[in-house]
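The two complexes that follow have chain A in common; it is paired with chain B in the first and with chain C in the second.
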Partner chain A sequence: MNLLDFARGPALQWSLVIFVVGVLWRLLGVLLLRTRKDLSEPRQAAAWKGLRLIALRSWPRKEFLGGTAFGEVMGYAFHIGFLLTLFFYVPHVLFFADIARGLFGTDLHGLTGLHWPTLPNGVVTLLSAISIAALVAVLIHRIVNPVKRLISNFDDYFSWLVTIAPLATGMAAFAHLGGWPYERLLAVHLLSAELLLVWFPFGKLMHAFTIFVARGSTGMLFERKGASL
Partner chain B sequence: MSSPLLGEFLRSHGVTRRDFLQFCTTTAALMGLSSAMVPRVAAALAQARRPSVIWLPFQECTGCTESITRAHGSTLESLIFQGISLDYQHTLQAAAGDAAERARETAMQENWGRYLLIVDGSIPTGNKGFSTIAGRDNLSLLQEAARGAAAIVALGSCAAFGGIPGADPNPTGAVAVSAIVKDKPIINVSGCPPIPVVITGVLTQYLTFGKLPELDALGRPRSFYGQTIHDRCYRRPFYERGQFADSFDDEGARQGWCLYKLGCRGPTTHNACATVKWNDGTSFPIEAGHGCIGCSEPGFWDKGGFYQPLSTGQWGSARTLGTAVGVGTALGVASAALARRRQKDAEGA
Partner chain C sequence: MTETTPTTREPDPLEFDKPRVSIRKPEHRFDSQGETPDASRVERAMNSFVRDFGRTAAVYMESCIHCGMCAEACHFYEVTQDPKYTPIWKLEPFKQAYKREYGPFAFVYRALNLKPKVTVDELQQWQHLLYDSCTVCGRCSLMCPMGIDIASLVSQARHGMFKAGLVPHELAAVTERARREGSPLGATPKVFADRCEWLSDEHDVEITIDKPRADVLCAMSSIEIMKYPESVVATARIMRHVGADWTFRLDGYEATNFGLLTGDAAAQKELTLKIVHAAVACGAKVVVLPECGHAYTALRWMGANMYGKPLPFRVLHIAEFLAEQVRTGKLRLRKLGKTVTFHDPCQLVRRGGAIEAPREVLQALGVELREMYPTKGANWCCGGGGGVVAIHRADELRHKVFKIKMEQIEETGAELPVTSCANCRQTFDDGQAHFKWDKTMHSLLELVADNLVEDAQ
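This part shows the complex of A and B:
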């Protein structure tokens, strides 16, 4: 078994299993926690209206703009670039189509009747480059800013590393950088993505699943208390 | 044993000096040599004695022989090939039975330590009766012939890597030459079949410089297997632009777009098909509209469906992921239950 076979075979299967087990474990472990009964009189009866905080917190507030603009811009640049690269690059789409085939016996088109659009490689390359640049910028900011440096721990730096690794190795594979054979670059890219999957549930990357739940529950709590969102 | 020079042999077969030099130039270029080396290649090749070659076909389909002998017509490559003293090849030689075996034994004795051994086909290590020649099993024939060889050329993916006979479930216990012979230089000329000019290139290098070519990690001549099909594919620009054929008869296929989505193995296959091509440089599989199947790579038969894209993972089964969902859910519920009990205890205290 060569490195690519390992990356596409056992490493992929085990990383997926660890990812699924870890995400469900952590997510259900939090969601099923007992909420303490609030005995106070609600200021707003319809607490669910607080769910709008999910959208409100996705946009910077004017009064804090000076302090948060950098993080917001870089955050959006990275996330948009990363997600578009992940879900609209042709080989990735084929990869996901294969998951669907493995699970449901048919691809996404057969399942939904819809065609999954893809982006031209040039656009994906630009988006990946933007994502990498944004990640490098936030790392520098984290190191230079004394407060951020102080509150950063291993989780922050390691999560950064496993996030930038698939982007960097993917671009290297695409551009055939380093004079390495394509299959080795592809294997390293797959292994880096698998490392991301394995680390995902156990570090701060889990925010992808918890962020909107947390915002929603905070919003509902605030709404109940009559706080301004 | 006195044998005519290769130059004399080619001249006697009507090969002109111009054709010969053209062949030397092409071969030198394919071997990665500078143009300054062409006269040296030509001089050395013309003066070379016809080397004794013993060719042992084992578990094979004769496709490699078909490829090398270029059944479609006589070419300079085939003449160079004929220029060697092929002392034993049971498919090609006129002699049969005891006469053929005696020819092999005589050639081996007269050229002991100097002959080139070509092997095509894999070697069964299971029951000795799986493949025999003149009543002898392949394994002992190879071991005996290898002892007196200067070098061994494992021709085709079966001899180089086990190939189709070695594919899962490998009923005969087929192995590559390199799994058996450990003390002789082995050149793997893989492919199913390999490109004719690759074998003549290897022979030319051996005749010219008296040494074997530089090999890659899989024992293949780097000059022919140094790059992937994808690296040199004329459809590569379509890959870069994200233009892919979705089926063999859609508009993309008619436009000659990249065959990646139809399972082309070009990006992971090292071979010279895209540059040297086949049938006198006419075309190669991708040019004919079919993706590369990666036949020059080890285990190509067992790497999933030929029509599944390369990005395809080997997912195992839906049951594995289903089990993961079950285990994750159980763990989550259990840890939440534990936390709830602690919460309750803390509130009660």
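This part shows the complex of A and C:
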């Protein structure tokens, strides 16, 4: 078994298993905890309207924008670049279709009923480059900014590493960098993505799921009281 | 290791001749209570912190991405630029303990010793961050991009600190006094009754006490009783003006709840239940709370949960009561014709949801309201909430924070600063004296009582 076979075979399977089981374990570990019924008389009965905080908190209130604009802009830049690259780069879509066929016996179209759109390679390259640049900027900010430096721990730096790694190795594979054979570059790229999957449930990357629960819970609690969202 | 309170110590003397009410500045601070060994203190703190951990708090603990943006919302960080005042950092030992002892992967953290055990020294250092430099104002909760209600976690951490016997000297002293005497600041039932009698004679107003049945039960805060007794008179005048069937009761007149501020959940419950039982005893349909932000949180939003069932009466802050009386036309006010700016008490407005009620009352007073920037939910805290104003060693930092309020108010150019919280008011009085500022904070309640139409006739 060569490196690419390993990356496409057991490494992929095990990383997916760890990802799914780990995410479920961590999510259910908190979601299944009890909640106490709030017996106070609500100011506003329709607390569910507070779920709008999920969308509302995607951008800070104008009063807070000054000091947080850098983090917000850079955050959006790398998230958008990363996600568009992940889901709309042609080889990624083909790869996902392969996995879908392996798992469910049908391609993405058969599975979702959607024609999965793709982005031109040039656009994806640009998006990846923006994402990498923004990630480098947030790392420098984390090291230079006294607040972020103080509150950072291993998770912050390692999560950064496993996020930038697939982008960097993907760009390297696309550009055939380093004189390595393409297969080896591709294997390294796959392994870096699998590292991200393995780390995902254990560190802060989990915010991809918990963000909705945290914002939604706070939104409903605050809306019930008529408090500021 | 700081000094531990000796069990035989006399209660700390209270101090009433200063702009803020607290115990007299202690010669020796005792910021540890009880004789518990260090290891047990840590264990108690952490057990208490995680014991009440429900789903929401656990989700918060799992969600922080260490973006540091909460610092931008905190007044203590704003004026010092010291990263230790980053709100989420104030919870660091408790976050560590959560991951190690309670989270879904706690077994991994423990097995590999990834998060070291929290030490008593750390908790003692964090006392400054959890008490002296956090007013639990919740401005950070409004900023957090993950939607974490950081202030609620600070309150929970304070429960842990109380269990560990690691509460600042002043807060421990006044909470202890509240449990022993029924009031944190010496406003015992006898003192309150005497004051009411004296105020009644002095101001020629009937102050009803211990009526067996009444629709409205009024409560006061100890700051008002001891420092702003005009508020008691104002309450009585307004109740008479609107024709309310009302009373104070000596078994439940004190709305101040230092149990909430200290993290002493048992004391909090005890103090809350006094008012609840008094209201039930007189068949009150409404309990009107005084101008006190945390009293509002304690009864309006936590009272039923302490009682164990829905409260059989409505709970209104006095500003909400006044707004209702304006709406029904029972409260008729002279037009003040002045420019006013309103300081939003955090527990009443940002976290309590009574955002417009005080403004409706001001509108009825015919003032020109000049809003501060920022205002309402995003307004800056006065710096004295959450018990901070009572802590002597926090004075220097609190005064720095107060400069934000002075600048905000000056920028409005308004003649009268007004608020609806006696704790904010005494923080302003203290700040005014410290900076020799020419602006005095006014009480909305007293402003209304001074401008009742019948008084003019």
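Please note the rule applied: the second predicted complex is superposed on the first by the 226 of 229 C-alpha atoms of A that agree within 3 Å, B and C clash if a C-alpha of one lies under 4 Å from a C-alpha of the other, contacts with A are read in each partner's own complex, and residues count from 1 in each chain.
Methods note: a contact is a pair of C-beta atoms (placed from the backbone, for glycine too) under 8 Å apart; a residue touches a chain by one contact, two chains touch by 3 or more.
What you see is a predicted model, and the numbers here were worked out from it, not measured in a lab.
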* If chain A is used to align the two complexes, do chain B and chain C fit next to each other or clash? -> fit
* **Partner chain(s) touched by A:29 [first = chain B, second = chain C, both, neither]** => both
* To do: Would you check which partner chain A:71 touches, where first means chain B only, second means chain C only, and both and neither mean what they say?
  => second
* Given the superposition on chain A, what is the angle at the CA centre of chain A with arms to the CA centres of chain B and chain C, as a multiple of 10 degrees? -> 160
* To do: Figure out whether A:121 sits in contact with chain B (first) or chain C (second), or with both, or with neither.
  => first
* **chain A residues touched - chain C or chain B, whichever exceeds** => C
* Contacts of A:90 with chain B and chain C, given as first, second, both or neither -> first
* To do: With the two complexes superposed on chain A, say which partner A:52 touches: chain B (first), chain C (second), both, or neither.
  => neither
* Pick one for A:213: touches chain B only (first), chain C only (second), both, or neither. => second
* To do: Determine the nearest approach in Å between the Cα atoms of chain B and those of chain C after overlaying the two structures.
  => 5
* Using the superposition on A, tell me which residues of chain A are in contact with chain B and, in the other complex, with chain C. => 25-26, 28-34
* chain B-facing residues of chain A, complex -> 2, 4-5, 8-9, 12-13, 16-17, 20-34, 90-92, 94-95, 98-99, 102-104, 118-122, 124, 176, 181-183, 186, 190
* Touch list for chain B against partner chain A, complex -> 228, 230-231, 239-242, 244, 260-261, 267-268, 270, 298-299, 303, 308-318, 320-321, 323-325, 327-329, 331-333, 335-337, 339-340, 343-344
* Tell me, which parts of chain A touch chain C in their complex? -> 25-26, 28-36, 38-41, 43, 53-54, 57-58, 60-61, 63-64, 66-68, 71-72, 75, 145-153, 155-156, 202, 204, 206-207, 210-211, 213-219, 221-222, 225-229
* **Contacting residues of chain C [partner chain A, same complex]** => 53-56, 58-60, 62-69, 71-73, 77, 81, 83-84, 86, 88-89, 92, 103-105, 108, 141-149, 300-305, 307-311, 314-315, 349-355, 373-374, 376-378
